[in-house]
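Residue numbering begins at 1 within each chain, and the chains themselves are lettered A, B, C, D, E and F in the order written.
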Amino acid sequence: MPNITVQLLAGRDINQRRAFVHDVTNSAVLTLGARRGDVRIVFEEITPDIVANGGVLASEDESRAEVVNRFVPEASA
Amino acid sequence: MPNITVQLLAGRDINQRRAFVHDVTNSAVLTLGARRGDVRIVFEEITPDIVANGGVLASEDESRAEVVNRFVPEASA
Amino acid sequence: MPNITVQLLAGRDINQRRAFVHDVTNSAVLTLGARRGDVRIVFEEITPDIVANGGVLASEDESRAEVVNRFVPEASA
Amino acid sequence: MPNITVQLLAGRDINQRRAFVHDVTNSAVLTLGARRGDVRIVFEEITPDIVANGGVLASEDESRAEVVNRFVPEASA
Amino acid sequence: MPNITVQLLAGRDINQRRAFVHDVTNSAVLTLGARRGDVRIVFEEITPDIVANGGVLASEDESRAEVVNRFVPEASA
Amino acid sequence: MPNITVQLLAGRDINQRRAFVHDVTNSAVLTLGARRGDVRIVFEEITPDIVANGGVLASEDESRAEVVNRFVPEASA
């Protein structure tokens, strides 16, 4: 342990994931006292049409259009 | 909160998902007293060959052929 | 399927859970075409000191004090 | 119950999954006393570039190259 | 990998869990070709009042009384 | 999004969790471009007798005694 599952909007590239797992693993070691080799992180990539906040699918949510377009441009094409 | 994850057979369309998240969010507000904007729902679409009930993969389960064919026709082509 | 996992703040009573699973199961049948007996819902009760939004633990988040106090009064005693 | 979710490297074939769900369901019945029909197993197939151990993505982890190549040859092509 | 999460009714003892993880890990090695040390299994113990099948909480489901009483006798005291 | 679930050995205190969610949220903003308010982190606290690595429950795993004793001293009393 720890097992860390990250559900996030699809569209981040491998450089972003590499940087994130580096930071999170370091923090797990420094703040949680985990052993580095025990830290396991899994990403679950979610498209905007299968996640909803406040009852509205992200692909149809004006308040999220900016962040959706940044990562999943084709979602609102 | 709440975070709601829905693992379901792939094949439902966006109209079905829109209707479901609308109902579930309303119920979370009315029955659980959740704040609407806090309700987050994520779908995980599962193909019949990666889920098993009673030790049998859904893609090979006669008792589930009807529901599998309805949503994932190509699964039994 | 579907498997539905609901992570929510601890403190709701069984009447609230009963009403919610009734609504969600009905909607899964009506909008997603699921078979009633296949719908499985699991609650994961979360205390405010083990969930964070925007980097702040709910037990220390002024913007969530109202909803936390409603369900977990002792959290801010 | 039980609900069993298996996050594993993509690339296993249906024969492997069939054998695994058979074994796990039998054991759930024999060792946990579960009812066979209640045992539900869902696989989540993970590519090596979205999982990290010890802060290193599996697709970039020399210590995992052998197992990654076995299941996801194209990952290191 | 694999990461295996087992949501099951609370009440199994450590001998049952020991036997189950032994079987599941062996099968992951033999049928899925996983490396033994990579197999991680986490149990999530669920009480009958926070899980529902077919819209009915297990603690109120006649069709599940037998299995609930076996593992969580106090649930129906 | 992102939704981040952290399964970890029980026993960390609130200061450790506060520091970890601060780091992880900052990194999600800086490396993944997430909006701060969208980042939701949930901890699932696991006791050593309900997690296994390589087929051995952590509460019975000599190779993990040191880390288990650090966080869950009573586990090996």
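Assume contacts are C-beta pairs under 8 Å (C-beta built on N, C-alpha and C of every residue); 3 or more make two chains touch, one makes a residue touch a chain.
Here the structure is a predicted model, which is why all the values come from computation and not from measurement.
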Interface copy of E-F among B-F, A-F or A-D, with over half of contact pairs matching by residue number, is A-D
Between A-B and B-F, flag the pair that has more C-beta pairs in contact.
A-B
When centres are defined as mean Cα positions, the distance from chain D to chain E in whole Å is 17
In whole angstrom, what separates the CA-based centres of chain C and chain F?
21
Among the residues of chain A, which are close enough to touch at least two other chains?
1, 3, 5, 7, 24, 26, 38, 40, 42, 44, 46, 51
Chain D-touching residues of chain E, taken from the complex the two chains share:
1-9, 12, 16, 19-20, 23-24, 26-28, 31-35, 38, 46, 51, 58, 67, 70-71
List of chain C residues in touch with chain F within their complex
7, 44, 46, 49-57, 59-60
Chain F residues within the chain B interface of the complex
1, 3, 40, 42
Provide the residue numbers of chain F that touch chain C in the complex, in ascending order.
5, 14, 17-18, 21-22, 24-26, 36-45
